[in-house]
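Paired with chain B in one complex and with chain C in the other, chain A is shared by the two complexes that follow.
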Partner chain A sequence: MTEIKASMAGSVWKIVVSEGETVEEDQDIVILESMKMEIPIPAESDGTVKELKVAEGDFVNEGDTIAILES
Partner chain B sequence: MTYKDELQKRTEEIKSGGKDKYHQKNEEKGKMFVRKRLELLFDEGMAIEDAFFANCMDGSLPSDGVVTGIGRINGQDVCVMANDSTVKAGSWGKRTVEKIIRIQETAAKLEIPMLYLVDSAGARITDQVEMFPGRRGAGRIFQNQIKLSGRVPQVCLLFGPSAAGGAYIPAFCDTVVMVEGNASMYLGSPRMAEKVIGEQVSLEEMGGAKMHCSVSGVGDVLVKTESEAIDYTRRYLSYFPANFRSKPDTAEAGEVKSFEKSIADLIPENQNAPFNMHDLIKRIIDADSFCEVKKKFAPELITGLARMNGKSVGIIANQPRMKGGVLFPDSADKAAKFIQLCDAFNIPLLFLMDIPGFMIGTKVERAGIIRHGAKMLATMSEATVPKVSVVVRKAYGAGLYAMAGPAFEPDACLALPTAQIAVMGPEAAVNAVYANKIAELPEEERPAFIKEKQEEYQDNIDIYRLASEMVVDAVVDPDKLRDELIERYRVYDSKNVTFTDRKHGVYPV
Partner chain C sequence: MIKKIVIANRGEIAARVIRTCNRLGIDTVAVYSEADQNAPFVSMADECFLLGPSRVQESYMNAEKIISIAEKAGADAIHPGYGFLSENSRFADQCREAGLVFIGPSSKVIEHMGNKIAARQAMKDAGVPIVPGTDEAVANVEDAKKIAETIGYPIMLKAASGGGGIGMQVVNTDEELEKAFDSNAKRAQTFFGDGAMFMEKKLDNARHIEIQLLADQHGNAIHLFERECSIQRRNQKVIEEAPSPFISESTRDAMGESAIRAAKALNYTNAGTIEFIMDEDENFYFLEMNTRIQVEHPVTEEVTGVDIVEQQIAIANGETLAYNQSDIGRVGHAIEARIYAEDPETFFPSPGYISTFELPDGENIRNETAVKADFTVTPFYDPMIGKLIAKGADRNEAITALKQALLNYKVEGIKTNIPMLLEVVDHSQFLNGNTTTAFIDNYYLPMMKTN
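Right after this comes the complex of A and B.
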């Protein structure tokens, strides 16, 4: 089980995977919007998205868990 | 026994290091014997070894647990000290310390690089009066390192622990290569942490290689094996001269790799969409010449050595793919150290800008982002090596300044046609200037108004307008960027300036 965490503070702009989906290392899980930039948050390893902890529009702080990945 | 036989017997005994069980233990952990490490490190083994017989009257402490001497790397003589962890866990006794001090003094006299192959439990407490507090005690090792810093390249290969005071050896090196799983640095061990402050923590978590190379930034390069650490170091040193008086050797002129996509194809039209700056770097440097430093630490900024037409160059590049390429306290520190490193050893600098600015918000203000940013600006500004900045896409606010913008005397500030230089991006600017006006408008009229104002703003910061005002020195076709840079570095090679006249500046640290 790996927690995917926000690399910086910002708002959740787009969620690009759904729960149950299989993802590969480096594949984007969500895209944050911060400093007017799109900030992709990728999976750190291959796995299945067990749970998404955020919804589009949510504010997240650096280090907040965005999703849980089951490898 | 003849004199000769005695010498041979003693030599063989010392050469074999500590007891077999310690050799075995090391082998189980994937650790090589110190002499094997040195054999791999040098072109043709160690040429000179001093104080081989140190502490030989003891019998149980061959070479007093450290090998010191000189050998060649890429044809260049380098000084080395290498702990032998089969001898009392590589701990430092009186003679160990004296040997390290002497080889450092040799490196200073000869003005050649100094390498530290560290694998040591720290001070030998039983010898503390002789090795710790005095004029030629362990403190002198760090004093020497500080004096050597910027005079000759200093690299630490961390193969095992570097404990307590010993942890300052890596701290004062230009670059620290750490072997995952075995290398560690800490002032107090987990056992001590539990006893003294009540914290329960594992060694890996508190002072492991991965942590130091990705979180604390005390480590620079994380490798899986000792051979990899040695290969990296040999390669890394090939970009450097022997000392601050010389310039790096020029390698054979390399060709750039060919790619299907051009630089122009890589850069998204939307300034806010990410792309991978590594892809651009690959298209301007000699094929396979990138030697990244601090890859895992603050990856929103890329720092690494490369070659262009065979010549060493230090690259500092924003990485829009990570954290939007925004500068944080850690990335500012990372840049400051790397700029100092290149400037010290006459390696020209290349800044590749695609930066929305420094991070804002409570967290970074409390972390002192202004102080850390000031460090980056100061070292960048002080660097007197040939310095070229390229505005790849956006360069907003203090981001333009930190990345060697026009005010900081780069030898040239170039722009790609996609460049956009401004105090802030159009969205933020329109919001800042027209916030009240937007609030007054009926909601349905707002998007059209914002769009109109953003377009006006875009025209105002058009790159040709800035070229017309001579803010940038040239607007360059991305496909010709490599050639332009090679030509400029060739011309700027004779640059010889002093930053200013004084003892030293007083900057935030």
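Right after this comes the complex of A and C.
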């Protein structure tokens, strides 16, 4: 199980996967908006999205868990 | 006469407007979000009012709240700065309906220039050259491909209501166009509420050169010469200078005349900027008009000696322009570097806590700042934390002063683009004035890869 963490503070602009979905390494999980820029947060490995910890519009701090992947 | 101004903005531009107001004896009112409660511009103003939560829709984009604060404070005018509500024609109307002077042009001209397709047409009608491209919105990707056949790649795909580099992409092939069309239209719909797209030929080795205009309410218009703003990353400017190191005196005159012709055709009032794109042979084409003060206005102030904010207020007061065209001269050279809170190689933002903040000084150095030491840069707004402006008798002197000032600029706690700026101003191509919009891609990024 791996936790996908926010690489910087920002708000969740878009969630591009759903729970239960299989994803590949480097596939975007969510897109944050920080300082007027879109910041994609990708999966670090192949796996299945077990849980999404955020909703669109949520504010996250650097290091906050965004999703949990099961490999 | 304007006696009290609400600044409907934040950061360095709010501080900049307050400084001129102080000199003119005009009272100032700052409005701020929760994230900005400790920001320098708030304490600089004579009065300050909390707008609301940090997100822009609940603070700096909340037109009704800003107007109600202006009424409560007994202000008679609103300065919109740049970004936020500055090019929102509805806001300009709302201010005037509330009996407040909006320091900017008419809502009609804001709306007209805000639609890039309509703006292209207006310039064409005024006899100002425009980039080869479409006269109407492109309906779908199939039509886009047909148009691409006539214009020829590379093509700039742009959102009609876009700005700040959003909804804009270079495409080189049909495949790239197919991929980019819908995604940019969608993004433009999200950001600007308008998904209309148009296409322009992308010029090779292009430069971005703009003309600063001032126009009063009595039909007088003058220009304050050009600014060259070709050094950009993510389609946003990083370094701007005046004069352009590239253009000849006759091109300079022709651009100024074109810009004035456009201003008069539009019945433009207040400060505005016409942005042109220029090819290697000094042919210039209209890109867009910004109906507000620009971030990079200080370089023009430094070479002409004109305080643009002061002129904006005088024009809004209904005064006749204080200058004729022949009164406007240029002395020396000025360069501005934008200091961004971002990674100098990936250009990703770097919000966070600033522990140390020390500014360079000197008689050839001007600082415009949004932050201070012991201050947190939040992720809610643009990453620009300051602007460093250096001047000199000539371009080399200005570059030398800028380089030294960048070395003395101390920001600790967050990443900034200062290392990148130092590489750029030290690069032989920059020193030679070879400052095209491809500079970062052609010279800076390859250098980062080899390191």
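One rule holds for everything that comes next: the second predicted complex is superposed on the first by the 71 of 71 C-alpha atoms of A that agree within 3 Å, B and C clash if a C-alpha of one lies under 4 Å from a C-alpha of the other, contacts with A are read in each partner's own complex, and residues count from 1 in each chain.
In the analysis below, a contact is a pair of C-beta atoms (placed from the backbone, for glycine too) under 8 Å apart; a residue touches a chain by one contact, two chains touch by 3 or more.
Not measured: the values here are computed from a predicted model.
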Touch test for A:M8: chain B only (first), chain C only (second), both, or neither?
both
Figure out whether A:P40 sits in contact with chain B (first) or chain C (second), or with both, or with neither.
first
Footprint intersection on chain A (chain B / chain C) at 7-9, 34-37, 39, 62
Tell me, which parts of chain C touch chain A in their complex?
55, 164, 234, 341-342, 348-352, 378-383
Contacts from chain A onto chain C in the complex sit at residues 7-11, 33-37, 39, 62
Residues of chain B that touch chain A when the two form their complex:
272-274, 320-326, 328, 356-357, 359-361, 363, 425, 427-428
Could you please specify the touching residues of chain A with respect to chain B in the complex?
7-9, 34-40, 61-62
